[in-house]
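The following pair of complexes shares a single chain, subunit A, combined with subunit B in the former and subunit C in the latter.
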Partner chain A sequence: MKNIIILFLCLAFGTTLQAQNQVELTGKVKVEVDGLSCPFCAYGLEKKLKDLNGVTDIKIDVKNAFALLTVKEGKILSEETIRKKVKEAGFTARTIKKVIDEG
Partner chain B sequence: MKVNLCFLICVLLLSCSSKKEWVFSDKIILPEDVHPLGLTMVGTQLWISDPDNNRILLVNNQGAVLDSTSNLARPMHITSKEGIVYVPNFTSDTITIFSDKRMESIQINESLDAPASVAVQGETMAIADFYNHRVLLIEDGNSIHIGGEGRTDGFLYYPTDVALTEELVVVADAYNNRVQVFDRKGQFIRVIGWQENIQVATGIEVYENQILVSDFYGGRVLIYDFDGNLVRTLSDHFNKPTDVLVAKDKMFVANYGENALIRLNFE
Partner chain C sequence: MRELSVSVFLFLVVAVNVLAQGPPIFTDTPIMLGLESRGVRTFGNIVSRQKANAYIHPVAFPYNITNKWQVGIVAPFVSISSDGIGDRSGFGDLQVFTKYQIFQKDGKAKTFRGLIKLTEVFPTANNSEAPALGTGANQTNLSLVTGYVTTKYGLYTELGYNATSDNLPDNIVYKLAFGYPLLPQKYPPKQVNIFFELLGNYVLDNVGNNMFFAPGIQYIAGRKLLFESGVQLPLGEASPEGQKTNYVLRIGTRVLLF
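For the complex of A and B:
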């Protein structure tokens, strides 16, 4: 019985972690990255994020260390996909979240 | 009369024996939206790269823009030879050449990933290939690969600039916080700068027998001899310096952290 409970907890915890990585994002997405203050880093990140299928625009805010992506309508990106690209650029994404338009 | 003559001779001797050094001249203020990254001199004309606005600019002594070329893709460390400006496009993996208002891409038979710098000497072109952690040395269509990703001697970690002499290839090994010197066959010769705790070596200039390095986060320019001995550190007036250029006893430093160039005189 004890083993079944442990197995159940592991499965539940694993599923939660997986779900967190599979958050689907569309519209405007803000990616906060540490150590983005040199131009080679900033435009390197821009270059790698441009490769993402469905991204139509990227704005890099070097001063506040984030990238703002615009994802084409109807296209959905997973958080995991974005994290992978950020890593390819030589960084670790601190947070990735959808920006809610207040207009 | 005798005393005056002696005094004059002393002054003359002292001035002859005093060593020339780099002295701050002035800050050249550029238009507000310009953050200069790379510098090159074509004749007596100073060109700067402005990656934030995807263009290169020709500026005068006061920083006014005389000419510009847009539609580039994050142009980084530019260079020139015989009136032609060579531009590495960081986000489109291409090298553009520009002269007499004409622009064209040159064919590179290698797969680049974020070219950060281009240097030309004689028939040889060197490219700092940022995300491939290497420098390509291209001559007569053949290329030599220098570096590869790594932290030890001979390897590179995000190189941002390269300079050529007849015998040497000098590389700003940016995120290894050092400069590396190779021979023209790509063989490692030496590391420079590890004793000075360079924070990020972003720009390189080779002038006469010296190697000048801009330290981006350190806010300074370090001057070394070819053996790697530190000759001088300049640390005033710099704000995130990305490049150094020496031309006719004048040094220009690109302050990426603001819309300005710093000019120094050798006197």
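For the complex of A and C:
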């Protein structure tokens, strides 16, 4: 019985962690990127983010240091996957959050 | 002394400057991605000296193995016209290099990075007739490249030791660059950058110091293309009279292929 409870807690805890790591990505996602200091270097970031399955559009704001991703409806990307791609491009991802359309 | 002069001449113009891959124009950058990812850089250097003129056109092919590790090859075409000696053209010394990023500290719209760069210059040029197209010696250069780059300005440094074979004197290479964007930052980029660089080469064995001031301008035409031009003006040279540099003019482009 004890083992079953432990197993249940592990599964529940693991699922919660995984859920926290998922971003509801139908719509626009803002990725704040540290280290983005020159526009010509941003090409590498754009190129890597384009590799993400489900991303249909990318806008990069160098001055305010973020990338805005448009994710196809129904596609789910994990925050970890986005962070990994940003790292591969040579930058550091800070906050990743869904943008709520107002109006 | 002539050998030495040729060595210094080619080292300054080809071995070091060709390998500068990112902004700024003559000094190297520690930012390897974006600008250097599987791209091609080529440019022409017009070198005017007191008794010789040269046109050097290298093509550099860098390749990123990882986001922190890069290798590359540089093949220069050299055309020299020397007073009283004659004219010659052909391929210069072949170079290979590797770079590895050793630190990276990122912040919002800024980054501070550093890398180690190892360059090997092979004496592949044809030196059977004068004027020689290469040094005739192996050169091994180990450098530390750092950069503090923000969206408002960039500061870059390069410090390296260049060991030469065939009893030619070794060199200590030092560079400092300041870059400033003239237009608002945006992406896709349309930008004009200006650079002010100090380029130095201290030749050991009591030969002396060579130093140049190098202003330059760079136009970023889009995601994958930029044009740039800069000029090296001598502040002081250890070269013997008759072989001193009047100026080095560079006009070039960088293209990201994919």
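Just so we're on the same page, the second predicted complex is superposed on the first by the 79 of 103 C-alpha atoms of A that agree within 3 Å, B and C clash if a C-alpha of one lies under 4 Å from a C-alpha of the other, contacts with A are read in each partner's own complex, and residues count from 1 in each chain.
Just so we're on the same page, contacts are C-beta pairs under 8 Å (C-beta built on N, C-alpha and C of every residue); 3 or more make two chains touch, one makes a residue touch a chain.
The structure displayed is predicted, hence computed values, not measured ones.
Asker: In the superposed arrangement, which partner chain does A:Val71 touch: subunit B (first), subunit C (second), both, or neither?
Answerer: neither
Asker: By the touch definition at the top of the document, which applies to A:Ile82: first (subunit B), second (subunit C), both, or neither?
Answerer: The answer is neither, since A:Ile82 touches no partner chain.
Asker: Quick check on the superposed pair: does A:Thr92 touch subunit B, subunit C, both, or neither? Answer first, second, both or neither.
Answerer: It touches subunit C, and subunit B stays clear.
Asker: One more residue to check, A:Val55. First (subunit B), second (subunit C), both or neither?
Answerer: neither
Asker: Does the superposition put A:Tyr43 against subunit B (first), subunit C (second), both, or neither?
Answerer: A:Tyr43 contacts both subunit B and subunit C.
Asker: Going by the contact rule stated at the top, is it subunit B or subunit C that touches a larger number of residues on subunit A?
Answerer: Of the two chains, more subunit A residues are contacted by C.
Asker: Could you look at A:Val31 and tell me whether it touches subunit B, subunit C, both or neither (first, second, both, neither)?
Answerer: After superposition on chain A, A:Val31 lies in contact with neither partner.
Asker: Please write out, lowest number first, the residues of subunit A touched by both subunit B and subunit C across the two complexes.
Answerer: 37-40, 43-44, 46-47, 90.
Asker: If you look only at subunit A, which of its residues touch subunit C in the complex?
Answerer: Residues in contact with subunit C: 32, 34-47, 59-65, 87-92, 94.
Asker: So in the complex, which bits of subunit B are touching subunit A?
Answerer: Residue positions touching the partner: 35, 37, 51-52, 74, 76, 90-91, 114, 116, 130-131, 158, 160, 174, 200, 202, 216-217, 240, 242, 256.
Asker: Looking at the complex, which residues from subunit C come into contact with subunit A?
Answerer: 22-23, 31-35, 37, 67-68, 104, 106-111, 149-151, 154, 184-189, 191, 220, 223-224, 226, 256
Asker: Show me the residue ranges of subunit A that touch subunit B in the complex, using the header's touch definition.
Answerer: For subunit A paired with subunit B, touching residues are 37-40, 43-44, 46-47, 50, 90.
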